[in-house]
Amino acid sequence: MRPHIREKKSFTFTEVPENTSFEAGYLTTVNSGWRSIRPVIDTAKCVGCEQCYLYCPDGVIAIKDGKAVIDYDFCKGCGICAKICKIGAIGMEAERK
Amino acid sequence: MRPHIREKKSFTFTEVPENTSFEAGYLTTVNSGWRSIRPVIDTAKCVGCEQCYLYCPDGVIAIKDGKAVIDYDFCKGCGICAKICKIGAIGMEAERK
Amino acid sequence: MIEILWLGRGGQGAFTAAKLLGAAYTIGADEKYALAFPSFGPERRGAPVRAFTKLDSKPVVDRSQTEKADYIVILDDTLYSPNLRSLLREGGRIVVNSKSAIDGALTFNAEGIAAEHKLPTVNTVMLGLLVGLSGAVSADNAADAIKGYMPTKIQERNIAALRRAAQEVSE
Amino acid sequence: MIEILWLGRGGQGAFTAAKLLGAAYTIGADEKYALAFPSFGPERRGAPVRAFTKLDSKPVVDRSQTEKADYIVILDDTLYSPNLRSLLREGGRIVVNSKSAIDGALTFNAEGIAAEHKLPTVNTVMLGLLVGLSGAVSADNAADAIKGYMPTKIQERNIAALRRAAQEVSE
Amino acid sequence: MSNKVADSISREEFFYGHKACAGCGGSLAVRAALKVLGQNAVSVLPAGCMSAVGFNFPQLCFSNNSIISTFAGTASMLTGVEAGLRAKGYKDFTAVGFAGDGGTADIGIQALSGAIDRNDNIIYICYDNEAYMNTGIQKSGLTPFGAKTTTTPAGANIHGNIRPKKNMFEIAAAHDIPYAATASVGYIADFIAKVQKASQIKGTKYIHVIAPCPTGWGIAPDETVNIAREVVDCGLWYLAEYENGEFTLNHKPKEFTDVESYLKKQGRFKHLSDEDIRIINESRDRKWEHINKTFGYKNSL
Amino acid sequence: MSNKVADSISREEFFYGHKACAGCGGSLAVRAALKVLGQNAVSVLPAGCMSAVGFNFPQLCFSNNSIISTFAGTASMLTGVEAGLRAKGYKDFTAVGFAGDGGTADIGIQALSGAIDRNDNIIYICYDNEAYMNTGIQKSGLTPFGAKTTTTPAGANIHGNIRPKKNMFEIAAAHDIPYAATASVGYIADFIAKVQKASQIKGTKYIHVIAPCPTGWGIAPDETVNIAREVVDCGLWYLAEYENGEFTLNHKPKEFTDVESYLKKQGRFKHLSDEDIRIINESRDRKWEHINKTFGYKNSL
Amino acid sequence: MKKFLSGNEAFAEGIRLARPQVISAYPITPQTIVVERLSEMVEDGSLTAEYVHVESEHSALSCAIGASAAGARAFTATSSQGLLYMAECLYYAAGGRFPIVMMNADRSTALPWNIYGDQRDSLSQLDSGWIQAYAENAQEALDLALMSYRIAEDKRVSTPYMANLDGFVLTHTYETVDIPTREQADSFLPPYETDNRIDFENPRNMAFSAGPDTNYIFKYKEQEGVLAARKVISETEAAFARTFGRQYTGLTENYLTDDVDYIIVTLGSIAGLCRETADKLRGQGVKAGVVRIRYMRPFPNDEIADVLRNAKAYAVLEKDISFGNEGTVFTNVNSALKKAGAAVNGSNYIGGLGGRNISAADIENIYTDIANGATGVNFIGIGGEDNV
Amino acid sequence: MKKFLSGNEAFAEGIRLARPQVISAYPITPQTIVVERLSEMVEDGSLTAEYVHVESEHSALSCAIGASAAGARAFTATSSQGLLYMAECLYYAAGGRFPIVMMNADRSTALPWNIYGDQRDSLSQLDSGWIQAYAENAQEALDLALMSYRIAEDKRVSTPYMANLDGFVLTHTYETVDIPTREQADSFLPPYETDNRIDFENPRNMAFSAGPDTNYIFKYKEQEGVLAARKVISETEAAFARTFGRQYTGLTENYLTDDVDYIIVTLGSIAGLCRETADKLRGQGVKAGVVRIRYMRPFPNDEIADVLRNAKAYAVLEKDISFGNEGTVFTNVNSALKKAGAAVNGSNYIGGLGGRNISAADIENIYTDIANGATGVNFIGIGGEDNV
């Protein structure tokens, strides 16, 4: 299973670990707030070549049913995928304003 | 001048330096007590080739008037000079007993 | 004491604005004291960051992050959230760079002004707005601060933008 | 308390002798305590070194170097000096490995005994002499100490040399 | 459409939700390597961007067992982890380190050199972003000649860093390490293949991967991969391996792209004079002369 | 009868009255090097035999300016001394370090690597006695395969040290240092010539000199020079230089003397089995294959 | 000239004016800005110095020691992990009596990792033989930079000097700072002259060994050197006041302690808020006061005892804990009082660990607590979870 | 089985019995014998462990931390410069709560260089979060080696443990030592179990960062762990007595303190001579006593105050000085008394620096001195040269 955002985000005195060891891959904050632009997949164009998946530094692209899909919780909008996709199936759009 | 043994060997409270810096090459103890055998130069044989001078780890051999001479204060009697001297001008003799 | 909370993204110059305000406030004045500091932490480029300016007539000794601000200045409207109101002192105001109106906040098209002056960031524009709105420092002192703390070749454009923004709100 | 000061050169095994004596003294005995230690320092092979053994019927708590010894045992006569007498307790004795007599010291040709037993060093011979002279430990216990603390293949020769030396002085 | 490279590595993500800058090349390197090594990888990361962005309790971004080491201690902690797990009876795991250029070539080189000397069974990956980035872009031993950093400012008197880049790959090779390789995140398949190969060799493995840092290099976040390719294409970096005492070049650009164009794309090189660029070109040519003379060749791209 | 080598160096003694063991090879190396560099040499020595035997207040055995550094800090202190003297306006001096194998290849490699990387104007001489001698003969990164030390005991289960010797010379060369060389106190003229050469080159110089330790190697004190020759003659060590990016061999024994005979003279190798010796022979041959392939040749003996 | 500067920048300005000849630089948050600014000054020529990019903090200080042994004025800066990584060299520099100046940005130490300001780093190195000063604000930081060399290099002292700035809240916080002129600075601080150096006329052997017969004498003289700083600091501050018009107050700074019941003893940048709180409480009729420790070494035993002995209670507020005991400042203060035979009640407040904020309310609580007879070791923010 | 062993050898025997799984070894006088003996045990098969020849002490402890993080029992040993060189890792291990055991051979620290025994090395690292024990003789050294893991690994404690042996006078001095059997040892010390480790079923992220919001909680828990050792040490000593028949006395060991006027507080191997001197003085009608501190961390505040409060005077005799103040043990003891409101007169004797001998006469002088009302900091062997 892909890492995901957890419900429990804050830790009381007793919940803070006794040592510096804790569950691997425990996520409490998303990165979506980092984006000012977002990648959008044109599923019509996407051929599922997985180049974007391989090069995304954040690992937020997966291929589902032969098409790239993005986990917008953690995509930072860097735009690498859009440049990597040779056939232009990814466009960068303004986040919101 | 070759380093030599000094008269002043012990240091009072005020003479101990304020920092860890002191006159270079200041010698207060000799090494002659280390020897159980001593190198003796056969000046008749010695041709002053300086090989023993070059290889003595303690630097206690000098060439004076074309012949090797040894500073017995600091010679440790290792015997390297005797082995180096190809013409056998150095013999090792028991120190005293 | 007047406290200003600045919100921006790493690289947008929110902290520069915070610093310029502090410098402007204390220029040539003896009984004026200021602190300015960024939010400290391992934030990276792209992450939202905060900065703080505190202005007072006596030395500012509380070096902790502002908990109740007189002004919250937001350099990027994606960072606006209604929760921010809890950080506002009574009578305090939120100023946002935005093309559209936001309920409970003053919005300005700072990007527009910045673009007019060929500036890649809106920080001095937002500073100008704050100067105009708060009157905490004069536009002249703010311009002097820019002269003292920004690279020479971009001073003029920033000063112009700042004055333009300050005027915008005094009008 | 009996205190023994050992003098030798690095490599001659003075400290081993000091240790063997301590071990021998405490073997199987409940109310016997010993300390043994070398002189500490950056001495190199060839340099004169010292070692110490302290024997007592109660725990030995003074870990400092012996200032007044009951016996000074010298493994190499080039290390003998009359000044050593100042380190001797009243009635104390100096024992030297030497072919020639030395005023104020007991000399023995330990090298001879060592050679008889094909030993490269005289340390166990000197230990044997001390054992015989002092009676502080029995030759049997000293032999046991050698068994406990020396490599198997040299035990026999060392024990024989030790017994021979001990006998030499009891004769 | 199936992608052989993608199929050769895990579909799981092991470095996720981290706070690296958008477009960070280092995070791409770490992500890709862990997808090769899988869930039995135990990662050791010293102080540096990757640990700083990945381990802020309670936001913990590694899905595999991972631990931060002291800045100097990547390799020595790897040694301990590997020895400890072995002592506990584990066999099926890979101890892998991810250290930055500063953590590798400067403060960490003692421990790295020691681990190679012992031939500890570990993989050490240096993600090279050519400066101390986590502390705000200071010169490291791997900062290239001419680069402006916050401790090698470029002004009228000094044009940025005056020293060339230390050659960690050849230094590792001079230790007669079982396996060493260079890579670039711009050629991810090559990097992935090298991590794969390393995971199958016993003893110490060293992989040096160029991982551009948009923040420190002064490029747009979406330029990371392109610039990581260009540094190889213009010949300022090269893809190679060292194995069984032999060097092998893995990619011989038919013709180098323009060095100046590579440099001038980046904020850190903007100030370079023609003379500076001539020096850089010359040193590239000298390097390639050496490579052509002493390296074998086997294309891997 | 005049001796050209003796005439080429100072008649003064700069390392005198020290407490090194009789026949110590390290002290011979230090003595000879200082007679080349003369009274304006500033020596930096880390913890190790040479500082331990030379600096016991009030017995101070260096006649030139000399200072002990921390064990890890030879090169970094050299850097500071050189920079400080330069800042004070001095021009005519040589900052020279004398560090043991442990102080060089293990704990000191970070600072050494850093100094080479900066190309600081210093000479770094590693006197290699192949173990931590000052603390009583423990294995270092430069202890050769098979050697018995107090931390690599030779018994029924393990035959002494199981790892080969780190190649510091090639590691220094991989830094693209202006000058690096290997030497042996057995061939003192060659060593002296190399120190002389180093003193005339600007930038960082590294000289690695084999300096047998009778105490640690288990040989008679008068065998130091002979064994230091034999290690070269039997091919387990070699005399070479690295300069302008090129390796040069300085001495090609016509025929190697017997490795076993070299080994069996020494207490530390007494226990070696035929198989162990076969491994050593093989690795020597492999090394020489590499040397013959990649080194130039210029006889210096 | 007045400028709006951060603590780090102010310190760098002070160092520029002090003309160090060798600077060894290694980055670590929150110190890095200092060496960045210095690199710019060297580039633009406003400072003439050898700027060495070292490969670690151990090398940073080792290089500075080498430079000082060459007779040059040396500077370096660090923080936290870096301070610990160079620990061996701290003792080395002090034992060799090399008057190096180092800025330390006070920061928490791992584990857990944390880049924020507490004082466990420098306080853990109290025994190293360095003079330790703690600045309260950017102006004092700059002034300490200037005074540091004069104090450290004084022949009676010859001791390295560590100037501590609270991480972020001081190092990264901008305030107005008065920068002296080059002329003023040069008139205040003469060039470094020493015989503890390499000398081609009179060659030296340095940093040697000393056996049991003399070692303790070296150590005694080292102790004397640090203690002599007590006098030299006050002389230097007097000269500083003459030149620059700002008067400092020696090893401690007292506030409202003439007629006082409750005193907070603290150090660093939190002192201002303590004083403000004391003001507030005075307004409410509570006789509150503050002692700010400016120097932890030499330790102001008498200064502290003299003030605290007449109070009803004191609290030591510190960003530090010596695990298995209490805050180190508390231990030192208690010893001072014990020796002075002062029986006044004291307690310890551990705050600000890992950068946790200490608020005005926290400080007010401390005063209330000690007025109510509190004792023992208290972690601000933790209550009742367990016995400490 | 009784054997005539040095302190180092005895400690190595204890470690063999404790079955460490990873040993990282680096030489330094006077510790080296320990790792030499362990290498022989690994070679001859009497100990099964990964023996790692590390390249420095920083790596030694870093490696041990890695091994502990893997869930293995880890051991290393060092001294002096080595302890300082690994300082960063000391804090790291403690903050991560890794129950590593390390032997430290107490030795002087440079400059000047000196290989002899004083306690400035370990005492300078009191704040590091490690439990610190000081052995008096070889038997206690061996016994501490065995007890150390049981204390450190106790879930309530989870704290690294430093066992200190005085350099040379203990490490290199031979005495009779009783070596327990393998069976006894195994019954006393269970294997190490922890969840503070790499776990392939339940992957962990370890040694992470914690910001201002939680960092102080980690630090508080770290403090709790060290303090919990107080109880666990006494439980462990009780169990040790049951298995091996030797009873230890917790954080301190008192001698003739029931009806006492003059007390020397000290630590390490000099305590025996202090007791012998106390005996002698008792014979002369002087009510002399000795408190030996066995653990500096956790610090025995109550134990010390309880005994000293009824005396007429005490002296703290220590091989340590915190430059610019006084001996660190003195500071700690004074704080304990201050907190307990004990007004008894105390003074500080700094002895044994750089291996200088402390003689029976020196100790007798201390008793005489304090009976005469001595105060302040006194360097044994130095008198009247200057004020300290």
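Note that the chains are named A, B, C, D, E, F, G and H in the order they appear, and that numbering of residues resets to 1 at the start of each chain.
The rule is short, and it goes like this: contacts are C-beta pairs under 8 Å (C-beta built on N, C-alpha and C of every residue); 3 or more make two chains touch, one makes a residue touch a chain.
Every value quoted in this text rests on a predicted model; they were computed, and no experiment measured them.
Enquirer: Give the chains in contact with both subunit B and subunit E, ordered by label.
Expert: F, G, H
Enquirer: Going by average Cα coordinates, which chain is farthest removed from subunit H?
Expert: C
Enquirer: For subunit D and subunit F, what's the span in angstrom between their mean Cα positions?
Expert: So the centroids are 40 Å from each other.
Enquirer: From the C-alpha centre of subunit C to that of subunit D, how far is it in Å?
Expert: 86
Enquirer: Could you check subunit B for residues that touch two or more other chains and list them?
Expert: Subunit B, residues with two or more chain partners: 11, 13, 20, 22-26, 34-35, 76-77.
Enquirer: Going by the touch rule set out above, which residues of subunit E reach two or more other chains?
Expert: Counting only residues that touch two or more other chains, subunit E contributes 19-22, 24, 51-52, 55-57, 60-66, 68, 70, 72, 106-107, 109-110, 113-114, 117-118, 134, 141, 221.
Enquirer: Listing for subunit H: what residues touch at least two other chains?
Expert: 53, 55-56, 58, 81, 85, 88, 92, 95-96, 110-113, 115-116, 203-211, 214, 217-218, 355, 357, 382, 385
Enquirer: Could you list each pair of chains that touch, in label order?
Expert: Pairs flagged as touching, ordered by label: A-C, A-E, A-G, A-H, B-D, B-F, B-G, B-H, C-E, C-G, D-F, D-H, E-F, E-G, E-H, F-G, F-H, G-H.
Enquirer: Enumerate the contact residues on subunit H facing subunit F in the complex.
Expert: Residues in contact with subunit F: 25, 27-29, 32, 35-36, 39-40, 43-45, 53, 55-56, 81, 85, 110, 112-113.
Enquirer: Note which residues of subunit E are touching subunit F in the complex, please.
Expert: By the definition above, subunit E touches subunit F via 72, 105-107, 109-110, 113-114, 117-119, 141, 163-164, 166-167, 170-171, 173-176, 245, 286, 290, 294.
Enquirer: Could you please specify the touching residues of subunit H with respect to subunit G in the complex?
Expert: Per the touch definition, subunit H meets subunit G at residues 58, 81, 84-85, 87-88, 90-92, 94-96, 108-116, 120, 123-129, 131-132, 207-220, 222-224, 226-227, 229, 297-299, 301, 320-326, 328, 330-332, 334-335, 337-339, 341, 343, 346, 350, 353-357, 375, 379-382, 385-386, 388.
Enquirer: If we count contacts the way the header does, which residues on subunit H are in touch with subunit B in the complex?
Expert: 111-112, 382, 385
Enquirer: Provide the residue numbers of subunit G that touch subunit C in the complex, in ascending order.
Expert: Going through subunit G, the ones touching subunit C are 2-4, 6, 30, 115-116, 168-170, 172-176, 269-270, 272-273, 275-276, 355, 357-360.
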